[in-house]
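Notes follow the structure.
To keep things simple, chains are lettered A, B and C as they appear, and every chain counts its residues starting from 1.
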Amino acid sequence: MSTILKVDNVKAHYGSIEALKGVSLEVEEGEIVTVIGANGAGKSTLMKCIAGVMPKSSGTISYNGTDITKMGSDKIVKMGIALVPEGRQIFSELSVAENLKMGAYTRSKKDDMSADYDLIFSIFPRLKERLSQKGGSLSGGEQQMLAVGRALMSRPKLLLIDELSMGLAPVLVESLFEAIAGINKSGTTILLVEQDANLALQFASRAYVIETGEVALSGDAKVLANDDKVREIYLGG
Amino acid sequence: MRDMFRSVKLRTKIIIVIAILAAILVPVIMRDNRYYMNIFINLAIYVILGSSMNLLIGYSGQISLGTAGFYGIGAYTSVLLVMNCGVPFPIALIAAVVLCFLVGFVLGFPATKLNFIFLGLSTAGINTIIYLIINNSQFTGGASGITGIRQVQWFGENMNKLQYYLMTLAFVLVVLFICFRLVNSKTGRALKAIKGNQIAAAAMGINVNRYKLLIFAITSAMCGLAGVLYAFNIRYIQAEAFTVNNMSFKILTMGIIGGMGDLGGGVIGSLIAGLLPELLRNFSRYELTIYGALIVIILRFMPRGIVYPIQLGLDKLELLFRKKQKEPAGTGKEV
Amino acid sequence: MSILIQCLISGISVGAIYAIIALAYTILFGTLKTANFAMGDIYMIGMFLGFTFYVTAALPFIVALILSIIITVIVLLLLERAIFRPILKVSSLYLFITTIGMATFLRNAAQLVFGTEAHTFPALFGSTPIQITDNISIMPQNLIIIGVAVILVIALFIFMKKTKTGLAMSSVSMNAFAASLMGVNYSRITVITYAIAAALASIAGVFTAPIYTVTTTVGASIGLKALIAAVMGGFGNSAGAILGGVLLGLIETLGATYISSAYKDAFAFIFLIIILFVRPQGILGRKSIFKV
């Protein structure tokens, strides 16, 4: 198993505010790694940095050995990283089909996408039902499915997910997580930022805990789930 | 109040005193040269106009392409009151300014809630409508305007150019003082601190809309005042002087050149913009081209205005001065 | 009655011109969220280029048209890269003011270069009006313009809906952040959007040259009114731009005929102010557009 992603001492700023104060993490190919932490700790900022939509003040990010720190998002998506952003961020006036088409933006026109559509519809059959509906008319859960499906259209090797559970009913969230686990089993590495630490630690193999822009703890997910401090702060005792 | 004065740097205070002295002495010395006196009067009027834009754009983050409209309302209102209704000049002036303030307030009420694109278009629209009314109405003299405006009197005698200039200068100082108070008020300073960020302001409980509306109304009043002073100096007015493309645009340029958010910058910008037509006496065809180019160049290369590099230069000089004072001569240390 | 129909025909003819330029404004705003005040004077540049190539250089019309489009596009793209883009990074209000300055500069600089005389551009199919009935007629050139407008609108629609780039532009206008997550290169989209806007403006310029004599001030009034049309229809919405353009043409013509021709220019503004009061997002605009 090789290291697919290496984040090395990355710092990032919003104006004069330091959002990431030197974050380092590693993801091995095939893993599900989760990043947990309180609101505003810097988790989303980290994801944006990896996805290439946020400039880094210092540090490096490498993907399969290639330095992607200064790369634009268009190149990063082509290389095989896709981000499912916080808040879904689907294209509300475009149909489900068009949203998915946008997901495949970086792929060549000659590519046969039917296999990808089949895969996505098998994981999220509801999307097939709503194919011609406008993205904005979908429910929260369906939008989340669409956001994941859209990201899958670029055939990512590394899937970044930011806050899968936000604002969704627990039953729905469980099924989403199981879908993610399934995607992981078919070979996609997952890096998952999550508010719901309980659920995240159940599904992930390893975890990082971020507090105010720094990595406070890291290690095996099961071990961290039993850690006293983690239990107190993030797992509700 | 005292705090406000203390917060002004000593260097700035010195510059202000020198500027006021020059503004009084130079025209006094040249009082017999009618040509130059007119230039001085016009510059003073431009300072009022430019400062109004400075206030509007730099401090409240708004825009107006309708300033010439208020310039016109001020001019025509005061002239008509004096010529047709026999109202004494001082009262006509006050009436015109108050009218512009009220109109600005009423129009500003819905307008200031709009974003700057819509605001720019609406103010351009208001100006156009005002222009068309002035141009097509009988009581304003239509396209030919009003000529032979009576001179302003001072103790029974017609004012000479120097007296008129000093009167205008007095208004300039009053206006600049009002701007200073506004900008350094609690609301003004807070707005500057958050750089006009709407959401942050609302979170801090600052009534942004009220402040913006007030500034919009005051800006309108300032333009109206300038219009009165303009009308009674040149003593004939016609619609062509109050267009969007020509006059409102020039007023916009005056505000931009000096740098927005800086009162001194506003003054300097107005002076530069005002001197340009004089320097271009023989090249008046180039006037608007140059104004347009100036806006583009300044915003592209000196978005904080001409004043900013000057300030930096003065800062460096000051540092040099202070260092020389602290160290004994001959240490040879560089700044 | 025939006066009314003549009015409607004139109104739609003028409206078609407003609509094309309004489209230019609206795709710039819809996709890139920038309001560019200078498109009217870009239109004027297109017209002058058309005149230079077709009349002065006596090139075939198609060649003149294509050259005008290409050069206008290059000019606007250069301005965008050198001036607009860096200023946009500082402030969008400053960019708006810059485009106001740029509009004035282009207009007056052109006047210095080309002089103030009006040049004539020959009508493409002659200047005899086509008589529909005894009292109603339409100039062939106006018919052409309406035709061109329709073609442009259809072409733009197909482009936006059916091509990958068009879809990318739509996605950028809805959510630029999400679009960049899809791998859309924002810089490339910027260039394409500006190119389309310049092309629209220059096409309008060349085709309307026979109607409005070729002068450097021709863009001032039309540019402003087209912008108003775009805003009235719902800024950022292409259908809104077309609706706004045609509506404005009708309102102006009807107002000038039945109310007052001296106040013709005011009707556009009066209607704008009414719309901004009643429905600030424009007729077809989405509520989400920013307030301040």
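Operating definition for what follows: a residue touches a chain if its C-beta (ideal position, glycine included) is under 8 Å from a C-beta of that chain, and two chains touch if they have at least 3 such contacts.
These numbers come from a predicted model, not from an experiment.
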Count how many hops through touching chains it takes, at the least, to reach chain B starting from chain A.
2
Chain of greatest Cα-centre distance to chain C
A
Nearest whole angstrom, what separates the Cα centre of chain A from the Cα centre of chain B?
54
Where chain B and chain C are represented by their mean Cα positions, the distance between them in whole Å
34
Hey, how far is the Cα centre of chain A from the one of chain C, in Å?
42
Chain A partner, complex, touching residues on chain C are 164, 167-168, 170-171, 174-175, 177-185
Quick one: which bits of chain B touch chain C in the complex? Just the residue numbers, please.
57, 61, 63, 65, 110, 113-118, 120-122, 124-126, 128-129, 132, 136, 198, 245, 249, 252-253, 256, 285-286, 288-289, 291-296, 299-300, 303
Interfacial residue positions of chain C with respect to chain B in the complex
35, 37, 83, 86-87, 90-91, 93-94, 96-98, 100-109, 111-112, 220, 224, 227-228, 231, 235, 262-263, 265-266, 268-270, 272-273, 276-277, 280, 290-292
Which residues, counting only chain A, touch chain C once they are in their complex?
51, 53, 72-74, 76-78, 82-83, 85, 89-94, 98, 101-103, 105-106, 109, 150-151, 154
